[in-house]
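Once you scroll down, you'll see the structures, which are given as structure tokens.
Both of the next two complexes hold chain A, though its partner changes from chain B to chain C.
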Partner chain A sequence: MTATTAAPEHLPGSGRARLARLAQRQGALVILVAAVLVSTFVFDSFGTAGNLTNIALQASFLAVVALGMTFVIMSGGIDLSVGSVFALGGVLAAWGAQHGTWAALLVPLTVCGAIGLVQGLVIARGGLPPFIVTLAGLLFARGLLLLISDEGATTYKVPAGSAFRELAQGGFLGIGYPIWIVLAAFAAGGLVLHRTSYGSTVLAVGGQEDAADLMGLPVARTKLVTYTMSGVLAGFGGLLMASYTSSGVTVLGVGMELEVISAVVLGGTLLTGGAGTVLGSLVGVLLLQVIRNVINQVGSLNSNWQAVISGTILLIVVTVQRWLATVERR
Partner chain B sequence: MVTPTDTARPPSTGTATVLETEGVTKSFGGVQALRGVDFHLAEGEIHALVGENGAGKSTLIKVLTGVHRPDEGSVRFAGREVEFHRPAEAQRAGISTIYQEVNLVPLLSVARNIFLGREPRTRFGLVDTAAMNRRAAELAGSLGVDIDVTEDLGRLGLGAQQMVALARAMSVDSRVVIMDEPTSSLEAREVATLFEVARNLAGRGVGLVFVSHRLDELWELCDRVTVLRDGQLVHAGPMAELDRVNLVAHMLGREVADVVRGGTTEFGDTHRRDREPVLAVTGLDVRKRLHDVAFTVRPGEVVGLGGLLGSGRSETVKAVYGALPVRAGTVSVDGRPVRANSVRHALRSGVALLSEDRKAEGIVPDLSVRDNIALAVLPRFSRAGLVAERRIDALVDTFVRRLRIKAAGPHQKVRELSGGNQQKVLMARWLCTEPRVFLLDEPTRGIDVGAKAEVQALIDELAEQGLAVVLISSEMDELVEGADRIVVLRDGTVERELSGELLTSAALLAALAGAGAGSEEHDDE
Partner chain C sequence: MNRATSPRHWRILASSAVVLGLALTGCTNPGEQDQAAAPSGDGGGDGQVVKESSGEDCTLEDYGAEKLDLANAVVGFSQSEPDTAAFRAAETKSIREAADAAGVERLLVTNANNELPKQIADIQNMLSQGAEFLIVAPVNSDGLDPALDAAKQKGVPVLTIDRKVTNTHCEDYVAFLGSDFYEQGRRAADAMNEATGGEAKVAILLGSSGNNVTDDRNSGFKEQVAAEYPGLEIVAEQTANFARDEGQSVAEQLLQSNPDITAIYAHNDEMALGAVTAVQAAGKQPGTDVKIVSIDGTRNAVQAIVDGNINAVIESNPRFGPLAFETAEKFFAGEAIPEDVIIEDDEYNQDNAEAELGNAF
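== the complex of A and B ==
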């Protein structure tokens, strides 16, 4: 065969495109670093080790849920049920703790995983839109939670001295276990995304579902796994929270799904699916937590400013994402 | 570069058949897409699959690749009868398909796209990125493509993406590769590379099915040809034994000796052509689709746009209508320029387009006849958002009568009308806007014979009343008898203009094939 070579046809403006891509992927990190630096100078109490570990610990519950959501959104879907499932997981964990540490771990993970599995089944095999299916899941999980807690009147307590409390209240090297767990979970998540065929398939399904199908990829199974993991992780987040507060608080997680979605999108995952990083979602979660912390530092500010500012930043980020995407394409 | 005939490898007689169908029949809701098709593909052969729109090519490919299952008949692959339920199964068995629109994932790297679902693993079950990139680079190298396999696929040109699709097909050790219009968006140089790779694959014993609307490519690349028309096999044989005119005649269903017939349509005689052109198009250029297309239409004149599938007919009217991004060229109506790329402005200048796909781009099936017609004039007949209902009723009434739309009444749902009457409703909608130029893209496709005649008569009548009409039709008779002049397009450029004495089916056939008098061999380089 003669050496006919088709030269690589890079689209013009490659340098600018690369910069645009970098900004899209790491934009939240830049904002986070800037926010931390500025806050450290402005507020004396912000930069203290105690406050920083506090931020990390507070963020860890959201982060666990965001990890599952990251894969869901990358696969081109959405999971609105995570807030309710998070709360359900917490209540089930506190309830299970009455019967021992294993029950506190296994009951919530099984139930929440099952909710995710059913949602995944309906979405993947039934072909229904994830928005509706997980909205049903949101109502279902919240209802189930109210049923087992007498309309929320009963708050299960984790018995004093239970080893389950250690999970979120203990620590290693002065850093709480939840932070270690999040670091490990995100490292595993990164590995799954970049180094397993499941990871590629998630991106393929989110990027071009028809193409994934025509390439013979297991589209349905991938969605099934993704939604199941999202349910498991949301339940696990709730479980951590129950361990941390030693009780199953029934009013948690309302609107949490939206906060999680914001964090994921802030982190550079495209809401349309097909692209994203797990590290970005961690950065997104931290950014939201830093904003909340800073609002608290300014004692005089109404805490509702947190939502206003988060919303504004989210809007800016998605607008810039869209703009960067067009720059990149050009 | 190679010339058409001297590269044709010896006919692949004696080699084993790798993929064949026997009596395959498939229909969709009463429409027969395939009727008893026998198709044979031998190992190491490059087989052209040819046919006009609706001939059944895509359906046959979909049957071969497990997208559709045949109603009747069987598919045999590598000597055994097979029944694929999903594309994945056909692919696993060794039949790969490369589509016109690249079906890969733009946001993943080239290497990941090639090995998606079959990534090399490390001892720990993780994807061995290094090995994957190395093997991808080797594959690309063996195809003679110089690309960075770690780059996102979407950042490559379309040609390079097509090569990646081929590399993917090669990496799965396919025994059959089906290429559905792979060249339609490629530059000449990329086509050359693609052909090189295709021949390379055939040399290794892979059977290739090649679909293209660029006729020259068929002789350049293919050993054998199968022609489909209306879901039936009309010709199968060695490529070299068929010349252009005969191939086109097969595709269009006309005997070459028989093209001087006439009188099968309802079109009247020629119209006036003494006035100044109302529509003037010059130098129209659409990226990879049209190049320097120019023509004029006078009031009262019907100008036909001729050409085979993929020649740029629909693209031309869409570009005139502002619905396709134009790189260069001017369109003017009554001497006033029409702003490019703006449907709104085209409409306001008096250009209307009846599009080819009336289901997707026109009719709203659940609205009434009246509301469908009124859609286009709502802005004109509204004051401060309020619609002048009575004026619309009057207008709709006029058009229902003028176009002889057969409906129970203006409030019947369009869904319930016949295809011909649906088409008339659409025409009425555009006529309400009082166009000066009416672009008709396949106005009689998919409607029954009687309604067809009525639509044809209506087109005539509209021209009679001074409208400038551009008519696209795949039916030769309709074009020859309906048009006062025919502008023949080929590969996105004006091949020839037929009028007067030359306005015959024979001349049109020759022009379509690009083989008529004075037509030089088309050169891709």
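== the complex of A and C ==
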């Protein structure tokens, strides 16, 4: 079991293989640091405290969702429903805010968690492919959103003076609460992955599901927890966004699942499951946000360059991952 | 061992979907699309004329902003949807040209690709790059609060164009410049009456649902028909999401199930152009057997009027540049600006299409 899990760097292995593993894990971090350094020198307004906290704040919504997706992908699955669930969470939070702060927090987390739970049940117990199940979830959540918002025509507003607004608009030490929340959530995620049996089971399931099953690991329960958490976190991301924008915007989250998946993969988590880091996903999210910011800094560049550049980097990362995997095996 | 192999398939699917999806992000937007029409590079000097102004006035003093000389200012423009739509391309181009004409020191242009979070980031980004005046084409009427708050904190006035925000006037934004979509619908009904001679069975191709443009263009049309034209009977309405391909397939289905349809009203030109093809496929002559009226004023649609395939197009003028900078200059000179500045939209029909083709976008 430990062979596929917690701390592969303690394993014996050739220097080359170790280097390959390091590159796989920290590749995105190197690109991120380089991009930030270069941009700071080239653009006057990039390295300002205001701009950097903006980048962090804007990345935090995606980051929350990416945390759940990281565990899903490490378990060998995929969750395509997160974009719709994110939007649904936001609409439910803004709706709930009319009835008090607790409703704004609990309603979206409960509903989105339930969607994740049902998906997890069908995947774990029914043995259906996550791609199809969560695709159904994507349609279901978006449909539910349109139903409760009068086909998207009604946008619920968070009442002025509601404490719920503070959650994403307030801050501590000049840094917005969402950034603190993301830091705490990722620290917790790292602990869960490396220090709990659930974390090691996730990696084992993603590495070799049949073997994990034969070893008597709780495969089904682990998947159930993973998809439920992904639903909860996607809903939580939407909830934060509702607090940030003071409204339950109905047009959010379209195509977001792809952005989240690419951030996770950029961060070094293998799309085939079984390996990955929590911190890497945070780096992946930041990298996407920095690319977007830099393209705005250039000013004259068409904003579609962002998609072109992100797509290219992703393609390179996936190709390198594949190549490194063969180096490791040798 | 099915379980071992089947996940492979979707994993490959998933990874290709991610790569593809990234490259395509922004192409799937519910707004007005025009993939095929080439944005006009020449001519098209159809500037906007103010039709009416309403709402409370707002002055520089009320707004609490400082005087600014646009000629030496950094101005930011946040576009909402990709420039693949002819409307958006014409709008962005017009803002760029007007900024040049006004001699601004630097114009920052961003495109939110229809994502609200990106628009918020774009606006904050332009503020940190030193923008002193902002023109915003909002992605959504609600939810721009963080961006507008940031602008307020920096004392940067915001002018919204083509879509109105629900925030507080003269506190969060200076004014709204835009078309009256409801009026466009009413005028489309007038044009339909003209084209059909007052007797027709009309099918409506609706724009994307949950969109004020769709709602207003539809209710304006219907209310005008109910009030003035009893001979126009609305026999079907279906959404075609402002897209040409959907306009074509929906029109085909409608013509099949309702062969006696004699007129089609499309909420935008793209769907109307799709309908032209559908009518032809049904063995009928568009513009003659089935009259077609739409809204927008893209070059392809106006050309279709010249060719006799479309009967009339109500314009929705995207050239906000000159009016936006004129409004800004007045505002910074201390003049009062009304909350809503509604522009005059033209109409293209068989009488003027050929002469006015240069004004289409």
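Points worth noting:
Just so it is clear, the second predicted complex is superposed on the first by the 317 of 330 C-alpha atoms of A that agree within 3 Å, B and C clash if a C-alpha of one lies under 4 Å from a C-alpha of the other, contacts with A are read in each partner's own complex, and residues count from 1 in each chain.
Everything that follows uses one rule, which is that a residue touches a chain if its C-beta (ideal position, glycine included) is under 8 Å from a C-beta of that chain, and two chains touch if they have at least 3 such contacts.
Only a predicted model underlies this, so the values are computations on that prediction, with no experimental measurement involved.
Put chain B and chain C next to each other and count what each touches on chain A; the higher total goes to C.
By the document's definition of touching, both partners, chain B and chain C, reach A:210. Shared-chain residue A:99: touches no atom of chain B or chain C.
In the superposition on chain A, contact of A:293 is made with chain C only, not with chain B.
Touch criterion not met for A:322: it reaches neither chain B nor chain C.
Of the two partner chains, chain B is the only one touched by A:201; chain C is not.
By the document's definition of touching, of the two partners only chain B reaches A:191; chain C does not.
Of the two partner chains, neither chain B nor chain C is touched by A:125. Once the two complexes are overlaid on chain A, the chain A residues touched by chain B in the first and by chain C in the second are 210. Taken together, the chain B residues at the contact with chain A in this complex read 86-89, 91-92, 97, 99, 103-108, 112, 116-119, 125-127, 129, 144-148, 151, 155-157, 159-160, 163, 168, 189-190, 192-193, 196, 200.
Considering their complex, residues 45, 48, 50-51, 54, 58, 61, 76, 78, 127, 129-132, 146, 149-153, 155, 157, 169, 209-210, 241, 244-247, 249-252, 254-255, 258-259, 261-262, 265, 271-272, 289, 292-293, 296-297, 299, 302-304, 307-308, 310-311, 314-315, 318 of chain A touch chain C.
Of all residues in chain C, only 3-4, 6-7, 10-11, 13-15, 17-19, 21-26, 28, 30, 82-83, 106, 108-118, 120-122, 124-126, 128-130, 139-146, 166, 209-212, 215 touch chain A in the complex they form. Against chain B, the residues of chain A that register as touching in their complex are 1-11, 17, 191, 194-197, 199-201, 203-204, 207-208, 210-218, 274-275.
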